[in-house]
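Down below are the structures I want you to see.
Across the two complexes that follow, chain A remains constant while its partner is chain B and subsequently chain C.
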Partner chain A sequence: MAASETAKDSALRHAFGNVLSFFILVLIGVLAFSIRLFSVIKYESVIHEFDPYFNYRVTQFLTKNGIYDFWNWFDDRTWYPLGRVIGGTVYPGLTLTAGTLWWILNSLNIPLSVETVCVFTAPIFSSIAAWATYLLTKEVKGTGAGLTAAALLAMVPSYISRSVAGSYDNEAVAIFALIFTFYLYIKTLNTGSLFYATLNSIAYFYMVCSWGGYTFIINLIPMHVLLCIVTGRYSSRLYIAYAPLVVLGTLLASLVPVVGFNAVLTSEHFASFLVFIIIHVVALAYHIKGMLSPSMFKVAVTLVVSVGLVICCAVVAVLVALVASSPTKGWSGRSLSLLDPTYASKYIPIIASVSEHQPPTWPSYFMDINVLAFLVPAGIIACFLPLSDASSFVVLYIVTSVYFSGVMVRLMLVLAPAACIMSGIALSEAFAVFTRSIKFQLPSLSGDSQVDAGNSDSGSAATTQTEAVKADKIEESAKERPSRKNKKKEKETVEKPSVKSRIEKRLLVLPLESSVIALLLLVLLGAFYVVHCVWAAAEAYSAPSIVLTSHSHDGLHVFDDFREAYAWLSHNTEVDDKVASWWDYGYQTTAMANRTVIVDNNTWNNTHIATVGTAMSSPEKAAWEIFDSLDVKYVLVVFGGLVGYPSDDINKFLWMVRIGGGVFPHIKEPDYLRDGQYRIDSQATPTMLNCLMYKLSYYRFVETDGKAFDRVRQTEIGKKHFKLTHFEEVFTTHHWMVRIYKLKPPKNRIRGKTKKSKS
Partner chain B sequence: MAMSTTPTLLLFLLILPSAILSSDPDSSIVSELLHLQSQSKSGLIHLSDHLLRRLLHPSSAPRPFSLLIFFDAQQLHDKTELRLKHLKSEFSLLATSFIQNNPSDPNIFFADIEFKESQSSFALFGVQALPHIRLVGPEAKDPKSDSIQMDSNDFSNLAESMAQFVESKTGLTVGPIHRPPMLSKTQIGLLVLAFFISLPFLVKRVLSGETLLHDWRVWLSGAVSVYFFSVSGAMHNIIRKMPMFLADREDPSKLVFFYQGSGMQLGAEGFAVGFLYSIVGIMLAFVTHLLVRVRNVTVQRFVMVVVLLVSFWAVKKVVFLDNWKTGYGIHAYWPSRWT
Partner chain C sequence: MGKSSTAKDAQALFHSLRSAYAATPTTLKIIDLYVLFAVSTALIQVGYMAIVGSFPFNSFLSGVLSCVGTAVLAVCLRIQVNKENKEFKDLPPERAFADFVLCNLVLHLVIMNFLG
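Now for the complex of A and B:
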């Protein structure tokens, strides 16, 4: 009678807990989505920055022409006259995802534009990523930790920076794919089910489709498998989790055009094959161990180990030979710069020069994961008490990702989910301990709780505190998991400590008042995290950089010059006209103005970029000839001198000179520098004052204020009054931020010359 | 005794009359340079003002050799951002490699010149900033305008790129750079031997499951220390070769441990904050997993107070330092405030 009542009671509590966590998850989803809407509310629903414009354009093409045309798309609007094979050079995951979303919405008669779908793809996937985090952490440490981790991930600034509404880039979906692949791997590891193993391969395929960061997965999982084998944790579940992933995953990965045979040929993938061989040797060893008597096994083990070692040595030798025969020792520069942090700074200036590839300093961690940085060590320690297959995986994940984030600030994004999982575990364990201490020691309840502690094993029924529910759930899940497993031996070993810990748990409390203070401080820490995240989302990461705003004493100013210029181009030029600009504006020009560009942000052809750089650094006539040979009709320059927009073309000009000079040696950087200093005032060199970029930027600038004072460089310009001979100004935007020039037709000049020669 | 004196004597006999009579200035100066080169361990010729004047005398052009000069200043060696020491060692590596690869080819000489001794030579070349490496070709008459300065790109990538520069400007072949190996051959042999001897023991221990690898405490401390290492920005310090601390510009006796500005950090600063980052989590884990098992309530209470105070202080300190360093004040988002 009493037994059935308690069973009923616990079932009720279980159901209540499930409903509660479902609602918490819904709220977390809403939170993750809505915290990313600041950019839409403060600015408008618009695609951000540069790369997202390319993705947007590809998505538009996909929705208009269908998947087969997308797959075979040769884009002649960019890299004129070379063009670019888009279908074979992009990671299609993001585009296909947004395209599918759009298609579903449209077939449900919800007529959203492609742009709207693209803008909101990232926030939607952040919500899904938070739920995936819940699933992953739940597999590791139970529901309570899962919910906490999901809530933390929903608003971690590092992830927000890449997934605000409008930031339509690969990382937006890739982080979800990353977490979900890890979840399915852990799930397979915990259950040993082939169903999840297959799902895992498919999730891995989605990740490969989405982002080049998939190499992190295909190296991390083998590392974990190897770790399990070395520490004597091999099991058939491990085999099922790993072997199908390598076989199916590699086959699926090679279906993605941009990866193709790289999936078996480059050494980023070799680790997985090596571990694949090792796990088979180990599986064989365990199989033989099970069949033979101990004495026979000793004989066999020498045989197997020696054969295995020989095979391994042979494979290693082949791999080493393969790796050594390629110029970069088989590793691409980016990966090498991760392993040897000083590699990039020594050998690859292009990688070293990108700001995303810089090593972070300590404030970056505080900015990007905030108070999680304090909680992670506690999470790591909690994962070791006790160590399971799943918790060892998340430990490996945090350790590798934190190391890589130390090399490259961009990889902070991969660290963020791991930090959330670890902090979720730490917070949940701490809350469990402190609330338990309060619950069992509250003066009014002390009598009851002692009685409860005496006869009930799952705590008092009187309280409905969520934390208590969470704590119970951890126990329950620990109880349930082994029961799913088939092997009795494992069941016993896992159940024993959990029973033991339950007996001890009644006594494991801290003093009441200090628990209350600790709890308050933890809540305060969490509150600080929320404040920081909202601040980061609202102020640091929401600017779309296509529309600029500034706040001055007389109110808000909006600078919408970029779209003004692109709109002018699309309305006032011929469809097939070619527009030359520095590569930064290539994606935007093709996406927004629909005009052919010479170079864009893909930067795959250095010579082509150098040609444009040379033209910009040459005097007018030479530049005109270069542009004319490329069929260019219009030249677009970005100029911030009037409004003080610092990242304009004059500031990027030295890069144009350097890149141009790298291919065309007659462009020499010292010609543009006065005593090693880059200046545009009266001290500037004549080469500088006569180059095309200077002239196009400062043409008629003196008419604005009479002095031609450049607000970015904080100086008056060197040459104020000049005329253009080979170019004519056709359009300048409201704030002079974008200026468009047309190449003058050559006829006049030739006629003039011929006239002269005749006379 | 006699054996050792004869070559020098011979050299003297060779140099002396030629220097006095200057009958064949080219060959005499080449042999003098060869002599100086053989005397220096690094293969670098140390130039003085006098020697340089003679070498670069306009009448001497065209010379039968080029000269690659490294401009050095001892007093700047401790400025890590200039990397003078490192560049000089790379430069002498280039010199020794060239001499080793082309033993009988005096077409180029590698030389260094010290700022303190030869300020006028620095002025002669118009050297304003270091590091500075200059190639004086055989045809060069005016040291300032006819010589070629090595671009910073060319020496940023160490001896190999310097060699490329030399090869492209002079048409000489430098050949492979001979870097001294990290471990000598005997050391490698011993290590391999030790590895093979220990292999059976290792295999046995792995099979029986008794290695350090099976101790979770090792893994735990390893994981936490990697975390500490990374969040302290140590990788940044290694890549950028940041010093642990700087001397104050205004008052050299004072040391600066914290650098204001988010793009850069000093070594000690990173480790201090990394320690603060890690200590809070470690103490939290200590409280939730170890302290709860302590039976004495007074001990628990005392430890809790200490832990709470230290954690609170650490978090507060990091927030303060972050605001000070980056200049961003983190505040609640309140729309009415800035529209």
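Now for the complex of A and C:
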């Protein structure tokens, strides 16, 4: 009778726990969605930054023309006169996802525009990513850790920064794909089911479609497999988890046009093949070991080793020769710059010049993952108690992502889910210990005072560490405790993995008062985290960068100059006119102004960018000739000197010089610097004062305040009164932030002596 | 002297391997034969590519990877169906076979798309 009652009670508690988890997950989803809406509330529902405009334009094309035209699209509106093969150079995951969402909504007669769907794709997928984190952490440690990790991920500022409403970029769906792929891998590892292995490959395919960061997955999983083999944790579930993924994953990756044959030819994937071979060797070795007697096995080993070593050396020699023959050893420039952080600044200035590719500063860790930064080590320790395949995987994940986030600020995004998982595990373990201490010491709740006495005696010596769980020797009386502990755990909806309940242990229990205080402090910690995250989302990461605001004494001032300039271009120029600007503004110009540009943010052709950079650094006549050879009609520069906007072209000018000088040696950086310092005032070098960028930025600037004081550089400019001979100004926006010039047509008659015609 | 002892050891090893393998059930031997067939087909394809060149590369890749893929999946099936495997004693062999078929379906769908 008592047994069936307890069984019914535990079933009821199970059901209650499940329903509670479900509601918590729904709330976490709503939280993740709403915290990203600050940008829509404070500004408007607009696409942010630069890259999302390209994705938006591609999605527009997809929704208008259908999938076949999208797949075969050759875009002639960018990189004039080269054009760009969109179908083969874009990661299609994001656009296909948003396009499918739009199509489903429209077929259900919900007429949302493509822009709305694009703006809100990121928040939707953040909620789903939070649920995926719950699933992943549940596989590693249990439901309580899963819920905590999901709640942390919903709010972590690093993820918010790349997935606010309006940030329509690859990471919006890629982070979800990353977490989901890892979840399916761990699930396959834990269950050994081929069904989950298939799902894992399909999820990996979705990740390859979405983001270039998929190489992280295809290198982390082999690393983990190798770790398991080396630490003696090889099992047949490991084989089932890994081998089908490699074969199916490589095939699926080659299906994506952007990756194509790189899936088998580049060094980024070699690790997976190497470990594929290694796991087969290990599997065979274990199989033979199971079949033979130990002495025979020794004989087999010596035989194989002596023969196999010779073959191995030959194969390795061939491989090394192949790899060494390519100058970058088969790695792409971007991957190499991750492994060797100094590589980009030495050889590829374009990669080095992107601000997202700089190493992060220490404060940015606290800004981006806040409280999690010091919960992560606690989580790592908790993963070792006990160490399972899944927990060794998350430890490897956090270690590698910490390294890569230290190389590039943009990769803090990959660190965020790992940090949330670790912190979720740490917090959940801490909560478990404290609540258990309280439960055992409240006599009204527990049914057996004898058990309590036994526990509280052992509890007096405990410290206030979060990991106060020790495995002890089996005791006879301890058999009653697991069942009682299980009941209490279900009430708390904190489940320990079944491994622990099998190891019967006597747990240390902390004093009641310190447990209560510690619990309150943990809740306070969480409160600080929430406050910081909401502040970061509202103030730091919601700016759309295409609309700027500033608070002055007479209220909020809005700078909408960019859209003003693009609208002017689209209304006052011919459809086929070419616009030249620095590559930052290429995507926005094609998407909003709908004009052909010379270079854009894809930066795939360094020489073309160097041509534009050289033109900006040359004197007027030489620049006119370069632009005329490219059929350019209009030149666009961004100038922040009147309002104090610091990311303008004059501040970026040195990069133009460096990139241009990298290809055209007559542009030398020291020519533009006075004593190694970059100046635009009266002490600037004549080359600087005569170059096109200076002239186009500061033309007629003296008319604004009479003294031509540049607010960004905090100085008066050098050359104040000058005329343009080869360009004419056609438009300057309200705050002088964007200035558009037209190339003057060449003169019909050349005055003076008739020149000999040049061939 | 050393050589003959290693030769004798090799022979003894070979015999014990043979006898141990003869004890495996027939179903597993059928799966092993299938794996052998797939791997040999892959090797034949690689040899053919070495003779006639690797254009079109996607056809070669899909051919080789389909052989390797079915071999790997068959090995997974063998692991799951093998009665000596303690980890999978709760898994009914029908379920293992259904998973095998599903995974093969996905693999061959991708292959046919990639074959070109």
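Everything that follows uses one rule, which is that the second predicted complex is superposed on the first by the 622 of 759 C-alpha atoms of A that agree within 3 Å, B and C clash if a C-alpha of one lies under 4 Å from a C-alpha of the other, contacts with A are read in each partner's own complex, and residues count from 1 in each chain.
Definition applied: a residue touches a chain if its C-beta (ideal position, glycine included) is under 8 Å from a C-beta of that chain, and two chains touch if they have at least 3 such contacts.
Predicted model, so just to flag it, every value in this text is computed and none were measured.
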{"item": "Partner chain(s) touched by A:Val247 [first = chain B, second = chain C, both, neither]", "value": "second"}
{"item": "Contacts of A:Met291 with chain B and chain C, given as first, second, both or neither", "value": "second"}
{"item": "Partner chain in contact with A:Leu303 - chain B first, chain C second, else both or neither", "value": "second"}
{"item": "Touch count on chain A, higher of chain B and chain C", "value": "B"}
{"item": "Chain B versus chain C as contact partner of A:Leu556, first or second or both or neither", "value": "first"}
{"item": "Which superposed partner A:Val119 touches (first chain B, second chain C, both, neither)", "value": "neither"}
{"item": "Which superposed partner A:Leu37 touches (first chain B, second chain C, both, neither)", "value": "neither"}
{"item": "First, second, both or neither for A:Pro377, with chain B first and chain C second", "value": "first"}
{"item": "Touching both chain B and chain C, residues of chain A", "value": "none"}
{"item": "In the complex with chain B, residue positions of chain A that touch it", "value": "230-232, 301, 305, 341-342, 345-347, 349, 358-367, 371, 373-382, 384-385, 387, 395, 398-399, 402-403, 405-407, 426, 429-430, 432-433, 437, 504, 507-511, 514-515, 517-518, 521, 525, 528, 531-532, 534-535, 538-540, 551, 556, 675-676"}
{"item": "Residue ranges of chain C in contact with chain A within the complex", "value": "6, 9-10, 12-13, 16-17, 20-21, 57-58, 61-62, 65, 68-69, 72-73, 75-77, 79-80, 84-85, 87-88, 91, 96, 99-100, 102-103, 106-107, 110-111, 113-114"}
{"item": "Interfacial residue positions of chain B with respect to chain A in the complex", "value": "128-129, 153, 156-158, 203, 206-207, 209, 213-214, 216, 219-220, 222-224, 226-236, 238-240, 262-265, 269-270, 273-274, 277-278, 280-282, 284-285, 287-289, 291-293, 295, 297, 300-301, 304-305, 308, 311-312, 314-315, 318-319, 322, 325-326, 328, 330-333, 338-339"}
{"item": "Complex contact set, residues of chain A against chain C", "value": "192-195, 197-198, 201-202, 235-237, 239-240, 243-244, 247-248, 250-252, 254-255, 261, 264, 283, 288, 290-293, 296, 299-300, 303"}
